[in-house]
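Quick one: the structure is below, questions incoming.
Should a chain be cited, it is by its letter among A, B, C, D, E and F, assigned in written order, with residues numbered from 1 in that chain.
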Amino acid sequence: MHLTAIVAHPDDAVIFCGGTLAKHADRGDDVTIVYMTRGEYGGFDTTEADIATTREAEADAGAETLGAEAEFLDFEDGRIRYSMENRLQLVNVLRKHRPDVVLTHFRDDMHPDHRTTSRLVSDAYYMCSLPLLETESDPWEPQNVYYFGKPTSSFEPETYIDIGDYQSTKEEAILEHESQVEWLKEHGGVDVEFDGLIEDVRAENRVLGRTRGVKFAEGFVPLHKNATEYLGSM
Amino acid sequence: MHLTAIVAHPDDAVIFCGGTLAKHADRGDDVTIVYMTRGEYGGFDTTEADIATTREAEADAGAETLGAEAEFLDFEDGRIRYSMENRLQLVNVLRKHRPDVVLTHFRDDMHPDHRTTSRLVSDAYYMCSLPLLETESDPWEPQNVYYFGKPTSSFEPETYIDIGDYQSTKEEAILEHESQVEWLKEHGGVDVEFDGLIEDVRAENRVLGRTRGVKFAEGFVPLHKNATEYLGSM
Amino acid sequence: MHLTAIVAHPDDAVIFCGGTLAKHADRGDDVTIVYMTRGEYGGFDTTEADIATTREAEADAGAETLGAEAEFLDFEDGRIRYSMENRLQLVNVLRKHRPDVVLTHFRDDMHPDHRTTSRLVSDAYYMCSLPLLETESDPWEPQNVYYFGKPTSSFEPETYIDIGDYQSTKEEAILEHESQVEWLKEHGGVDVEFDGLIEDVRAENRVLGRTRGVKFAEGFVPLHKNATEYLGSM
Amino acid sequence: MHLTAIVAHPDDAVIFCGGTLAKHADRGDDVTIVYMTRGEYGGFDTTEADIATTREAEADAGAETLGAEAEFLDFEDGRIRYSMENRLQLVNVLRKHRPDVVLTHFRDDMHPDHRTTSRLVSDAYYMCSLPLLETESDPWEPQNVYYFGKPTSSFEPETYIDIGDYQSTKEEAILEHESQVEWLKEHGGVDVEFDGLIEDVRAENRVLGRTRGVKFAEGFVPLHKNATEYLGSM
Amino acid sequence: MHLTAIVAHPDDAVIFCGGTLAKHADRGDDVTIVYMTRGEYGGFDTTEADIATTREAEADAGAETLGAEAEFLDFEDGRIRYSMENRLQLVNVLRKHRPDVVLTHFRDDMHPDHRTTSRLVSDAYYMCSLPLLETESDPWEPQNVYYFGKPTSSFEPETYIDIGDYQSTKEEAILEHESQVEWLKEHGGVDVEFDGLIEDVRAENRVLGRTRGVKFAEGFVPLHKNATEYLGSM
Amino acid sequence: MHLTAIVAHPDDAVIFCGGTLAKHADRGDDVTIVYMTRGEYGGFDTTEADIATTREAEADAGAETLGAEAEFLDFEDGRIRYSMENRLQLVNVLRKHRPDVVLTHFRDDMHPDHRTTSRLVSDAYYMCSLPLLETESDPWEPQNVYYFGKPTSSFEPETYIDIGDYQSTKEEAILEHESQVEWLKEHGGVDVEFDGLIEDVRAENRVLGRTRGVKFAEGFVPLHKNATEYLGSM
């Protein structure tokens, strides 16, 4: 099974779906994280280029901790636009990686980059199987898209993954993003939820888990909702 | 695995969860349908006693078609009351059958018997594991309760069971309830949804299925929502 | 009375509002279907031009079956963009046809063309009555816009039209779209709901009808919600 | 056409559906208001008996202003209980008046009398057509039940009646409830919304009307939602 | 200011609103916890009487830790009934304590005792200011009722109290309920959320706090929602 | 304290948040209204330039009545586009005014200018504190954004400001927009809610107030929702 997570910034994957990616990687699935940007706005007293270098390295380390491959697209942090051209580029990303499952941001998110990434990936998903839409790679159709998001938006998870055995791996992977743990503390005004990042993520995963009968969980909204075989099998 | 469906009237089980019960029975699970009443208000030009006799036989036949056992409690149709005594009786039903999974009506339903049955079963579920609540049978705790309901209430299914291979069995079982197919046609004013019962049920199951990628489905709201193991495994 | 349905692709009108259009046409209303595109991505082993030719003919035949006029705009399938220019073009479409009632896609729809069409039409509706916005045709203001959509989105109908006498006409009109019935079967992965198109549409219309006391219905979300005269008159 | 409004207290009908009742009466419909209680808790420095006398007279005057008949049941204010016996009494009320349309309180209301009245009427509606449930009067089945309520509960109207021509009649009828206009001012703590009763009701009806394109409206939630004939006909 | 929390079982107050009670007590408010029952079903290998004794002592200790008075009513655990008599008893409780603010369970809760307590308190609140309803104590009207609840129900907090400085006091108070920390571990099947009680409560309060810009918070649904003076003052 | 309201058209501020702005100004806060356009489509039998002149004067007078400063950007009425450039312009507006609180349109609004303004301001808010995004003015981060909207959209206020003492000032300020009171009457088809503008606004503010225990209120949805200190303090 192939999973591809497509995220706006280097630390989005570890925070939102790191446990799920680690769990899938651990059972032998191919897992790739595609970073739309290098997060070059995420710092101060420095340059975009320097931050990009730092965060690319952190993203590589974080992905490795999770057991995932990392790939970088060349969108600019804070400046991802919705356009036909960008959508086509995402079609190519999906056709090249040929994932069974795609993970990406939820459509309703205050961060414009998250929102635009969500829309680009969703629409690319819709187009990438069309035989008459010719691009470098052959048509491909992922089975499903899973959206992740923050509890401060209208995001309400419908699918929960038990990450009890992978919470510590997830936290390790988050800690690889050293520059952000610092930056988020200083830049708290933008988003209150990042004060004490590890503690916050752990509390969030525990609360999600607790409502589903497990110790830690991550939550997703699936694009296609499937029937199940038997009561109690889910 | 043991499943116990607890329904207010003889035809409720086949209509709302007949496909799911048939599917579980077919794989070897123990399936019991507990009828709160014999549906003795469900007729005209006759007596309650006669209808009760007819409908009990239909319920037996319908349950047999599904591969389920039938059991009758002695509540009166249209007159099921919520009381501590009735709740205790349901505690005993659960402790006697010791089901892993309980199926019953959704709490928000215009029919007072459905609503009261839902409440009695839910509260009995909550009490039946208490060691200090002593009754004839030993404490027992079902793993989960699944609620079924009509699209005309606020019921919105969260778990869908693929009943593609059991739709015909379900329809056969419904046809065993011959008196009701007739009665519901004449008594259409009470509930518009029963004109052309089989066609309506089939359309409903198809629409539910279609939204979940299968041909026919039944829908439920689970009391406990569980985490799942992997993306795409549900 | 004039009705104008503005749809992204040739088969959208018959599937989503074919019964309603046929019913209005049958009582003497003027009904026009405006096709944004010729659906030229909707095929395989062929060219966009060939598909466009086939589907334009199917759209003409489908519209004729419903008793409606057909008109084609020259947007490209899968590539409808939101822009001021395109919005202005839709203002002109509304001012030229001068419809009392406009029907179009619901805003929340996974298909990007549906979503963009919905937005273009809605915003054009908002602008088309402005006296100071000068275009070829005079200002005009439709009385209302009715949105149709799929149950897989957040679309929840608020107005239901009884199409009991027009279900068969609707199904005939759908069957004129022969290329799509085929294509949708093969291309099931894009959208699970098109396996057995006629059966699915019929089940959907029956379930919608059943909840409103009629045999078959189509559902819409109106832009303006109007008061009614007397209880029971609706 | 027969309409029967069943309300907990003497001033509930004029406040919640007075305009609609006046409008129906004015076109020749038979309109009856059934008062569950005489509102004998609604006062101070007096006795329940005295208040009951005062409010019964006010209820008669208010009903007369609306063009409606008044009838009093003998439930006690603040003490309406849900029981099989009380439900049966309501079955008899419905079978005696044989209304086409029933109006009553919405189920979710903080006032226990409103809530219990809503439940008694709804369940009586469900039982009153059953041929085998024998009572003094013959079985009868109203076509629909319309619920009214306050914006402070979860009540959200789905059907709006244009009462533009009857707002002044409604306000006159409210003013017949002289004791309550006084009492509600003094007893403001129970419910903040009754300071300046006429102004509040008028503002509420105007806001409801404004969202539906008319000057004043009252809003209801119908039990059965019906399909409509043509777009724009509602 | 007087606050009275009315809870079904001895450990409900500390878990659901312990931080808020401690905070109010710390600033000098009078805080009382009224326990409907002594939680005598909450154990095993013992008798109801023994558990009641143990839990009453724990409740006293927990209340003391929070800085609150404790009072016990004599309802039976698992058997709280809704009746006019019980409602009147709660009217008397409110009239005796004369609280400005009442805290109690949210109405939608799977535990029947929680649900019934919520209903009894809410309806008592509605009746306790009526001058003509004579009881031992004089009429009284609390300013507001605040409901607390579990995230597994439909409870969604609307008011958040910052308990950052009282989280440790709250946890201490929970630990006074030693018998329950044990019992809830063994009796996990009834409610999955009590495995690791302190950790769960802390994670829950942190997630609630995080969405409101503070470290820890408790959430409530107020009966009356009040306007505020200035933007940003809340 | 600095408040900046950013609105699409000259009369939007007085109608949607005029009472709140007047109240803040009256206690000495700095209040600025930034008008995206001069509303030059809002007329007939005239030219855009003439209307712009008229409405700019009305906007100045309305702002003065409220005690606010007025500033005009040069977007075109009916033609506000979402683009990176326009977003950057709004970043500069925020960095220049350095408001503690920003007020703007709610994201879900039928008017395309309102919707686009809401999005531009929200995204600018998200970007304006980034140190590495260099513009004319220094980075700045408002504490919160408050959205206002119409009850005909999905807008549901969460924060209510008591404007009882400022309702008359608000109405005076609305009356300064003389051209629009006229225009809205004639142009009723675009939006039914503007027949009798003052009466409608007053009814709306009264209903909002009534549900929150005050005479008149305006309602907002805050971007960041904050915890409060004590129960009853909000």
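Simple rule for what comes next: contacts are C-beta pairs under 8 Å (C-beta built on N, C-alpha and C of every residue); 3 or more make two chains touch, one makes a residue touch a chain.
The UniProt protein names, listed by chain, are A, B, C, D, E, F = PIG-L family deacetylase.
Here the structure is a predicted model, which is why all the values come from computation and not from measurement.
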Hey, how far apart are subunit D and subunit F in touch steps, shortest way? 1
Co-neighbours of subunit B and subunit C resolve to A, D
Just going by residue numbers, which of B-C, B-E or A-C has an interface where over half the contact pairs are the same as at D-F? B-C
Please flag the chain sitting at the greatest distance from subunit D, going by CA centroids. A
Return the chain whose centre of C-alpha atoms lies at maximal distance from the corresponding centre of subunit F. B
Since subunit B and subunit E are copies that touch, just let me know if over half of their interface numbering is common to both, same, or not, different. different
How many degrees of rotation carry the C-alpha atoms of subunit A onto those of subunit C, rounded to the nearest 5? 120
Centroid spacing, where centroids are CA-atom means, of subunit A and subunit E in whole angstrom: 39
Starting from the mean Cα coordinates of subunit D and subunit E, work out the distance between those two points in Å. 35
Touching at least 2 other chains, the residues of subunit D are 192, 211, 213, 224
Touching chain combinations (by label order): A-B, A-C, A-E, A-F, B-C, B-D, B-E, C-D, C-F, D-E, D-F, E-F
Listed in rising order, the residues of subunit C that touch subunit B in the complex are 151-152, 192-193, 195-196, 199-200, 202-204, 206-207, 210-211, 213, 215
Note: in the complex, subunit E contacts subunit D through residues 84, 87, 122-123, 126-127, 129-133, 141, 223-224
Quick check on the complex: what are the subunit C residues that touch subunit A? 40-41, 43-48, 51, 78-79, 81, 110-112, 187, 189-190, 192
Which subunit E residues qualify as touching subunit F in the complex? 1, 3, 20, 23-24, 27, 100-101, 103, 143-144, 146, 158-162, 209, 211-214, 217, 220, 224-232, 234
